[in-house]
Amino acid sequence: MTNSWTDIRNTDLVVIMGGNAAEAHPCGFKWVTEAKANRGAKLIVVDPRYTRSASVADYYAPIRQGSDIAFLLGVIKYCIDNDKVQWDYVNAFTNAAYIVKEGFAYQDGLFTGYDPEKREYDRATWDYEIGEDGFVVMDETLQNPRCVWNMLKEHIAIYTPEMVERICGTPQEKFLKVAEMISECSTPTKTMTSMYALGWTQHSKGSQNIRSMAMLQLILGNIGVRGGGMNALRGHSNIQGLTDIGLMSNLIPGYLNIPTEREVDYPTYISSRGFKPLRPNQVSYWQNYPKFFVSFMKAMWGTAATPENSFAYDYLPKLDLPAYDVLRAFEMMDQGQMFGYFCQGFNPLLSFPDRGKITRSLSKLKYLVVMDPLETETARFWENHGEFNDVDSASIETEVYQLPTSCFAEDEGALVNSGRWLQWHWPAQNLPGQAKHDTWIMAQIHLKLKQLYQEEGGKFPDPILNLHWPYADPGDPKADEIARELNGYAVETLRDPNDPTKVTVEAGQQVPGFAALRDDGSTAAGCWIYSGCYNQNGNNMARRDNSDPDATGAYLNWAFAWPANRRILYNRASADLDGKAWDPERKLIEWDGEKWAGYDVPDIPPTSNPRDVGPFIMNPEGQSRLFSRGMMRDGPFPAHYEPFESPVVNVVAPAIRGNPVARVFESDRATFGDAEEFPYAATSYRLTEHFHYWTKHVWVNAVLQPEFFVEISEELAAERGIEKGGWCRVWNKRGSVQAKAVVTKRIQPLICDGKPVHIVGIPLHWGFTGAAKNGMGPNSLTPFVGDANIETPEFKAFLVNIEPSSGPATA
Amino acid sequence: MTINVNPPVAPDTAMQMGPQDYIRRSASSVPAPARQLEAVAKLIDVSKCIGCKACQSACLEWNDLREEVGVNAGVYDNPHDLTPNTFTLMRFTEWVNPETDNLEWLIRKDGCMHCADPGCLKACPAPGAIVQYSNGVVDFVKENCIGCGYCVKGCPFDIPRISKVDNRSYKCTLCSDRIAVGQGPACAKACPTKAIVFGTKEEMKAHAAERIEDLKSRGYANAGLYDPPGVGGTHVMYVLHHADKPSIYAGLPDDPRISPLVEAWKGVTKYAGFAVMGIAAAAGVLHMAISGRNRVTVEDDEEARRLTAVAPGAAPLDPSKETLS
Amino acid sequence: MNMELSRRSFLKGAGAGVAATTLGAFGFGEAEAAFVEGLRPYKLAGTTETRNTCPYCSVACGVIIYSKGDLTQGTAEAIHLEGDVDHPTNRGTLCPKGAALLDFIKADTRLMNPKVRRPGSNAFEEISWDEAIDGIARHMKDDRDANFIERNMDGVPVNRWTTTGFLAASATTNETAFLTYKAVRSAGMVAFDNQARV
Amino acid sequence: MTDSTLHGRPAPQVTKADIDRGDRLHVGREVVVDRYTKWARVNHWITAISLILLALSGLALFHPSLYWLTALFGGGQWTRAIHPWIGVVLFVSFAGLFIRFFRLNLPRREDAQWAAHIGDVLKGDEEKLPEVGKYNAGQKFVFWAMSILITILIVSGLAVWERYFSQYLTVPQLRVAMLVHSMAAVAIICVWIIHVYAAFWVEGTLRAMTRGNVSGGWAWRHHRKWLRALATYGKRDDQSPDGRGPAT
């Protein structure tokens, strides 16, 4: 989230699309009801289903899953055509006026540089014209046909209301009503907030779904302001934290990157991260990359990371592929290229697409380690449960370790919420049985491995032997110790660069924030963006002062928000070019003549002149991007692509199946179906009574929604002779499930390009362990396809067939 | 008393509510309470409700209830009805508004309405099994309940359920144990959108008025408060977008009142019955006094002997005996 | 309505134990939570409040866990859980999942012992932590030594371990996450991912 | 000589049908008539006790002022639990009585006359009444009233039997059942009062249900037609119960 949950109370219009906040985030949704009740805010819901969010919406419009980009580009076109643009904002804070390099073009659904063999683009032409001064060439009059604004207008010209209806199945009058309501927020005094979640990410073009809305928000001037923003409603309690800390194949904590093998040494690695500003006076904050990287390396390898060995650069693995994400990991298992796997509080057997492939892959492992407070189907994937897990135990050679861990009630530490707040929590009870804290388990595994390398030697033991392990009890590191490590500390005494006599931080002391980090090895910080969370003032994540001056919803003294306790990102954009708030009613920060001040921590150097420094300091432009250059693998502008399995052909580019650069493995192509065989458009989701697969184990939640079902329209039920509350079978090439049928008016057939499309909704939750009734799930049916940019599986749009059935034999 | 503090772990020992505040006690009478507690109410704003069932969940947890894991019956309602363990239940209705032709998903939290004039209490034959506090809370006292099910017949909202396990009647207590220490009900505390709020009845009516205004501004011309006078008003009230037709909300009674049959059973029958029985007994006594007992006379015995000695048309007597006489 | 916040700011680390200490002052223990006709004994009397965060979604609602017993004595046990009214986001509210967290903490299917399932077997067997850690570390070392890639074809040091993967959780603390990061990366593992995608 | 003109009134025609199984004459100085067999009496008293227990437990739940009666049954829960079961016993037991007695309780011509002279009945001036068989119209009224009310009570009672049957009815149906049940209960208690009072008022009646027989005089006075039938067709033994020989 660029903003916070509590900031939503400041909005005038909430658009829930690509998510279902009322269902998945009820207590966050509270702030929508508050905005409605106290500000007269309106709520729009655009979803294939009339959801719980829709039940309290002011306006609901149906849309076919996987067609959001067409809808959003249609809205952008509507706003531009009707001059519903916040011009001052667009001119000041976006790259609308930048001139795009000659050679860049878009045709028949493809941008320049496509290689069908590699399913990849050569993105060389996706860039700006650079002038002699080394800065981008601009045309502030927006007359140049090659400027971003005009390129954008040309690119979206096809997304007329008629086209939107053909692609999305959204009746024109409904689409126009939504577009009209949204366009009202182009005035500086009206803001819209976008609340989205996995309904946008879980597509083969998920990232572009989000970009489309981000572009719309920029055009309306809604980024960086109170009550605005792009608010990704993260799914899990600390998924934000795990991403921040970079528990991903290609990340280093704080969104730094693991080197690729082309970056043969540290100088090469760091040179490709120069991030020279593209406009005069811009901050281009990534220029500090070396400071953060070196500090991280010091936190990892302490004294073993020296200037001489490039701070142990070689200790880091070098990637030969863009990413070893989960889909690739299971593909590798299936191909016999991976032999061991750890699942820490994760249940891939049910959570990942194409369950058949997951079972097959796990069965080929030599060893599997599952750490969890609860039973998981993954830990028992080898156990036969009749129709619910039909495997032959004897033929599965995997050795499975199941380790009991603590749950939230027993552990201590910080979780990062969707609004980037790091909140500390305390243990309320002792560990049950033999259960142990995850920290204890990870420490034991590391220490044992280290011991084996000490005793036996082996392949490149250095990074293991030299891992910095500064804990009072090495076998049981405490949360407090690790939190200090994440914040960062001075390795050597730090002195003021301008006045070397002045000591800023004594050696061994916590650094106040990331501004104090250095690239000479004198500082260490586990995760630079968290720097400040545990500094000289102590554990700021444990702060519990809930005061909120002038009820802005900032709560600056409650816990700690990264970066630098900032609550709203890009908050400089809340004020106009001269530093005056766009909306006097909704001041956030303003320029008082000398510095930036207000209700939030300024996003730019507090004394930087308003007309000099742009709000988007992480971009070399200092401004936001309507045209994203080569940052995205699948195009600098979003374009409509159908899901890999779609009930209709792509009307704008009939020749193209799915997203041309989506992640697809050859071995999976055979499992894709087409609309002739599988005519119904299925989508998967979670119910408010449940939390993924965990609440199967929670008696009360099992009671509230006990049994696996699918939701279909009355029309489809009649067409296929399925009875309300009766059993039905849903299947495709990947699998088959049996479920109760919920026949509802909340799902209506959509007319797409003249033909009716029936939607089948398949909620997830059920498995073969826990208190809830045994059941199957959508992932026996979902396709093994990933988003082009971040490989998120396409859980939200696939094809199935459906018929009445007699229910599972072992129900 | 809008609740905005966490439940205390060391509550004030002087309970804020207790037996001294009874204004009604089933099948028995109570002295007029020394003090009058301020009337409380739970307001359920159906237009804010997202049907998340947090209220059901919080109710089960606070009251330490365990419901059975049921089945899916083709709807979202689970369990399918109120039970001795389910004091509150979300009822879902898919309603197409004939005026707009738009689908509206009406979600109503069902449960005890805490009537000012409680039919359950009127029907209850067990002294102290049902009590009403001066703040409006109507509570069941299981220790005194005999499980006869009269409350089920008395309730205009079909709320109480009799447990097959301990043969006692159960329903929402409005979390009387929480109110007693100055807390609101668990459901209101949990409700994510504050569709359920709790406070004094006056506060709640005022809040409802604001909500109704907001709803009217959003096109719900018939938005209104459900506080049915037929039962003297309730201490659980609804804000409805279509207050002109409560029954579309999963059969919420349009004009609830204690059934005339129950009134008759608990009223006239009771008194007329006693009268009739009394009269019958009295008549007997009186008659006995006037006419004395109906005695058999010597003549009657004589006649009987004569008749039975020789009965006309009787079989002839033994000839030998004949000769003897 | 019900949205105003009780203005209580807490001392750092004051998450737990506050209530326990005040108990004596009130002279109110379980004993006093005596039966009053018609009212259930108030079940939170004499418990200890601990501030925590809901482990489910990323709204990260503040919760208070009410427990009996003493953490330092190893006897602490949660008996009830409720939303934290002082929390700016949830203001004491909880969703149907959060409101039932006690049943998660006390789920019948909570794991109590380390177990191993041997190849081809159709059952788990309980083992000691030492056996578990030894077995796992041995597997790791054998696999790493057998498949670790020190240099690529061009002789560039790449130090990659691609044959064992690690899937991190989404509900563990930052602290667990960083310790996990250190352990996993230092071994050269690249097939490292988390729940961000699902 | 003949008896046919006694009191100057013609004796009614009598038939065997006016006699019940088990009715019997013992002729002698003391005429004694067997009226009820041992099993009939046992059957009657089971019914009677059930009815009384039902009245007590029913009344206990009928009006708060009588709730104390639940103490007789071990408290409210027990009262609530036991009442319906006693009801079942009563029903079965009464069914037995019905089969035994219904034939001679069928209405006869003289019943109307008898009822017409209800004033004389209450005065005890029976010479003005027609001769009646084993049962007079009053007794027949009690018999049929009991039969009908018990049927109503068992049906409505089962309907509101919370434990087993209530769930099969709607609440409105239950309310009707409840009202009917309580009104029928009031009625049957009244009938019971009449029945018991009559038994006391008419001396020598009670013994019919205790020892099983009545004096000849009682039979002559109250059920002369029955006595005639017995005298004419009935089983008799001339050994009068006091063991002395026949009168001569």
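Residue numbering begins at 1 within each chain, and the chains themselves are lettered A, B, C and D in the order written.
The rule is short, and it goes like this: a contact is a pair of C-beta atoms (placed from the backbone, for glycine too) under 8 Å apart; a residue touches a chain by one contact, two chains touch by 3 or more.
Predicted, not measured: the structure shown is a model, and the values here were computed from it.
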Q | Two chains sharing the most contacts, counting C-beta pairs only | A | A-C
**Q.** Inter-centroid spacing, subunit B versus subunit A (mean Cα positions, whole Å)
**A.** 52
Q.
I'd like the Å distance between the centres of subunit B and subunit D, where a centre is the mean of that chain's Cα atoms.
A. 40
(Q) Taking the mean of the C-alpha atoms as each chain's centre, how many Å separate subunit C from subunit D? (A) 77
Q) If you average the Cα atoms of subunit A and of subunit D to get two centres, how far apart are those centres in Å? A) 87
**Q.** subunit B: positions in contact with at least two other chains
**A.** 52-54, 56-57, 60-61, 192, 194
Q: Can you tell me which residues of subunit A touch two or more of the remaining chains?
A: 26-27, 30, 37, 688-689, 699-701, 704, 771
Q) Got the subunit C residues that touch at least 2 other chains? A) 1, 3, 5, 48, 81, 83, 86, 90, 93-100, 103
Q) What topology does the chain touch graph have (line, ring, star, complete, other)? A) other
Q. Can you name the residues of subunit C that touch subunit B in the complex?
A. 1-6, 19-20, 22-23, 25-28, 32, 36-49, 64, 66, 80-86, 90, 92-100, 102-103
Q: Can you check the complex and tell me which residues of subunit B touch subunit C?
A: 2-13, 15, 17-19, 52-54, 56-58, 60-64, 128, 131, 139, 141, 143, 173, 176-178, 180-181, 186, 188-192, 194, 197-199, 207
Q) What does subunit D use to touch subunit B in their complex? A) 2-4, 6, 11, 25, 27, 29-31, 60-64, 67, 70, 75-77, 79-81, 122-124, 126, 160, 162-163, 166, 171-172, 174-176, 178-179, 182-183, 185-186, 189-190, 193-194, 197, 200-204, 215-221, 227-228, 230-232, 236, 247-248
**Q.** List of subunit B residues in touch with subunit A within their complex
**A.** 47-54, 56-57, 60-61, 66-76, 78-79, 94, 96, 102-105, 107, 192-195, 210-211, 214, 217-218
Q) Mind pulling up the subunit A residues that touch subunit B in the complex? A) 22-23, 26-27, 29-30, 33, 36-37, 40, 50, 52-56, 58, 60, 688-689, 699-709, 723-726, 740-746, 771-773
